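Following this line, the structures themselves.
Heads up, the next two complexes both have chain A, just with different partners, chain B and then chain C.
So, the complex of A and B:
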């Protein structure tokens, strides 16, 4: 039971990063970006290229991949989403599905379908209070927690973070408060790219690198963001932990194959009883 | 007195048709101009167009002789226009202090003479510091309006555009809002105010424009309009015959 709960926490903190990216993008751009899974995959392969092929330490490769993914996301927005911005959320959502398909297949074209792994030394697992843990899981918890704290500080203490929350809250008021939305949108994509890259690397460390590695997490990541309340960074974190924990704990009472149903049930339950999610604000049509 | 705002032949609207059909407005520097008119006459459309939220389809807008037509809404803020929308005029999920910080950080208000200005702002809105940590969405309607004013004034604008500042407020709060508007005007800020509450608004205004069907039907001093026996006729479109 304790071991399963710990595994659930690790799964949750891995999902927290892409869930935060989803919620940031949705808050500012008002559309669900279904390309986040493939973006994680591409970033993980970028880190793989630097780490396993060029021999960089994984930490340096992850940082470089995160910055590169941030810049790539800004470029992708410029080429793909910006020209469609005035056409509404459905058009942008469909574009993100197509983009995800392309990105995942770029990774498949470059590295094939076989599973790969980062060049890191294998360490023997250790036990704490009868719970088996390993070094990678500790790194995962530390990196994810540090990223979440950094995002919290950015969103609440820095002018650009406040501007992002302002645009998410009321885009037209933000304009007459002097906030240039294009700049805020670029920063949002850059930060989302960094979060997705870190998420991709953590998934690669936890499992293996393969083209569908990101899209396998897509439903859980969206469930976490919706459960916590789309647009709420705190909600994304709590939602990811809840979905991760419940998914793992569900294996105690039913076959692991059915675990994929847990996030779907979570989406259904929250939409029926609290459509705005745990920490989201009720939607007001303006 | 020189004019701070000059609008000539302004056309604007949503979709296929124009809502504003050739509007002319001139606002004397340091004065309050109130725009009244029936629902759907284009008052809020005029405010949004002046603020840069809606593009003008024809006509010109000048602030102190400088054309604003090519400027985005954020650039108009830097040029000296502050706009307070009728509804949703504060960031509801941000605290009162965060709302004020955003105004200071992005409305070009940081700089020389900041401290003295902050003191004047606290004098005008002494109730705000008590609510700094509260989410703006949890404030009462009157408090939200005061916060929206304070944010708009943080930019130290030369022209303040207020879209129905008394909407949804009780009579006591309405009087308080108009009193603040008058005090703000006394600090030298020119004000263009859109109001349904015509009598209260005209009492503090210098001039009045009646807008109906997207056109200026009348333009007169506020006193003249107040002295009219039948103010309702202004809303029925025959104002030009009465003033």
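So, the complex of A and C:
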């Protein structure tokens, strides 16, 4: 029980990173991006190339992959989503689906379908109060917490963070106040790319690297972002913890194969009782 | 070679029916269905199980599969759209589709899991000699495709067809004019679901064998590609789009002879990359596809 709960927290902490990326992207661009799963996969394989093939330490490989993914996301947005910006959310969603197909299969083309893992030294798991923990899980919690705190500071204290929140809140008002939305969008993509890359590397460390590794988390990550309130960074974190915890705990009472049902139920429950999510603003249709 | 062409013809027919279903839900009705693959699998499994477990004949099985998929689609639309907006609907369909695939994979007692269901009966399978059967199946698939096309053409020109497009263009205006938008969307999604069920049954008739790996994301990719290329809302466009995409997919099998260095995983990856790229390029450079919706053509006269 306690062990399962701990595993759930680790899963939640991992999902918090992509969930935050989803919520930032939705806030600024106003459509759910279905390519985020495949973006995590690509970033994880980038880190894998540097780590296992070029022999870099995983930390350095992860940082490099994160920066590269941030830049790549800015480029991808420029090529695919920018020309479609005015076409409405549905067109953008379909484009993101196509982008997801491309990215996941670029990874499949390069590395095949077989599962791979990072070159890291295996360490013995240790026990704290009957709960088995391992070194990777500690790193996961540390990395994710640090990234969350950094994002919090950035969003609340720095001018770019304020501009991002302003554009998310009201794009035309932000424009009137002289905020350049293209610049804000670029920064949002850069940060989302970093978060997704870190998420991808952590998933690869937790499980294994394979082409569908990112898209397997897609529904859970969306559920986390919706549960916490789309557009709310704090909500993404809390939502990810809740979804991760409940998903793991659900395996105690039902077949583990249907864990994917938990995020679906979570979406349904939150939409019925609190459509704006735990920390979201009520959505007013204009 | 002739029999290869006939087999491609059959595949094109049921792919085109699937594309017509997506075109109705998304092209005409504006409802994105990212769970298409799961609903398609549901149709195939429902038809096969009705025949294998309940002993239904092929006609009853196909109608039953259509009813099952229509009911599930309608329910998903009703439950989701009662409380929320379209953005969430796409996510929910994705989740439900994945869930359906997992049921097919894990409920061994019903679906035999990864092994799949074998020996799916075919319509008049005993009455027609095996060497002529493929001609019959092609004729049957073609007839069903034309029937679907006729039905959707009628529907698009009917008052309900106008409601469908009104809901897509602006649901607030439709609601202001006294239309029940939720109920309209439930019907749109359920009708599309029924057609998906038909395509799924044909899939089973053709392969005589179904397993979860047949229902991978490539189905979703090619259906969206077919609808976008054909022009959203244009029925004939969706059919030609499906034909073009399937010819491309089947034709790319020969790529292996040209570039022997590629293994089959890489080849599969290349196909999906091409489809994904084609999808985005069409959305950017040719958003209306190559055919027009029926209403638009009238406006130009």
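By our rule, the second predicted complex is superposed on the first by the 286 of 286 C-alpha atoms of A that agree within 3 Å, B and C clash if a C-alpha of one lies under 4 Å from a C-alpha of the other, contacts with A are read in each partner's own complex, and residues count from 1 in each chain.
Throughout what follows, a contact is a pair of C-beta atoms (placed from the backbone, for glycine too) under 8 Å apart; a residue touches a chain by one contact, two chains touch by 3 or more.
Values in this document were obtained by computation on a predicted structure and should not be read as measured data.
*Asks:* When the two structures are superposed on chain A, do chain B and chain C clash or fit side by side?
*Replies:* After superposition on chain A, chain B vs chain C: fit, no clash.
*Asks:* Just chain B (first), just chain C (second), both, or neither: which does A:94 touch?
*Replies:* Only chain C; A:94 stays clear of chain B.
*Asks:* Please indicate which partner A:32 is in contact with in the superposed arrangement: first for chain B, second for chain C, both, or neither.
*Replies:* In the superposed model, A:32 contacts chain C only, not chain B.
*Asks:* Have a look at where A:78 lands relative to chain B and chain C in the superposition and call it first, second, both or neither.
*Replies:* Neither chain B nor chain C is touched by A:78.
*Asks:* By residue count, is chain A touched more by chain B or by chain C?
*Replies:* Of the two chains, more chain A residues are contacted by C.
*Asks:* Touch test for A:207: chain B only (first), chain C only (second), both, or neither?
*Replies:* In the superposed model, A:207 contacts neither chain B nor chain C.
*Asks:* For A:116, is the partner it touches chain B (first), chain C (second), both, or none of the two (neither)?
*Replies:* In the superposition, A:116 contacts neither chain B nor chain C.
*Asks:* Which partner chains sit in contact with A:159 here, chain B, chain C, both or neither? Use first/second/both/neither.
*Replies:* first
*Asks:* Of the two partner chains, chain B (first) and chain C (second), which one does A:271 touch, if any: first, second, both, or neither?
*Replies:* Only chain C; A:271 stays clear of chain B.
*Asks:* Considering only the touch criterion stated at the top, classify A:173 as touching first (chain B), second (chain C), both, or neither.
*Replies:* A:173: touches chain B, not chain C.
*Asks:* In the overlaid three-chain picture, find the nearest pair of C-alpha atoms across chain B and chain C and give that distance in Å.
*Replies:* Minimum C-alpha separation, chain B to chain C, in the superposed model is 15 Å.
*Asks:* Under the touch definition given earlier, write down the residues of chain C that touch chain A in their complex.
*Replies:* Residues 26, 30, 32, 34, 79-80, 83-88, 90-92, 94-96, 98-99, 102, 105-106, 172, 217, 220-221, 224, 228, 263, 265-266, 268-270, 272-273, 275-280, 283-284, 287 of chain C touch chain A in their complex.
*Asks:* Which residues, counting only chain A, touch chain B once they are in their complex?
*Replies:* That would be residues 159, 162-163, 165-166, 168-170, 172-180, 281, 284, 286 of chain A.
*Asks:* If we count contacts the way the header does, which residues on chain A are in touch with chain C in the complex?
*Replies:* Contact set of chain A toward chain C: 31-32, 34, 80, 83-84, 87, 89-91, 93-95, 97-102, 104-106, 108-109, 112-113, 218-219, 222-223, 226, 255, 257-258, 260-261, 263-264, 267-268, 271-272, 275, 283, 285.
*Asks:* Okay, in this complex, where on chain B does chain A touch?
*Replies:* Residues in contact with chain A: 51-53, 72-74, 77-78, 82-83, 85, 87-94, 98, 101-103, 105-108, 137, 151, 155.
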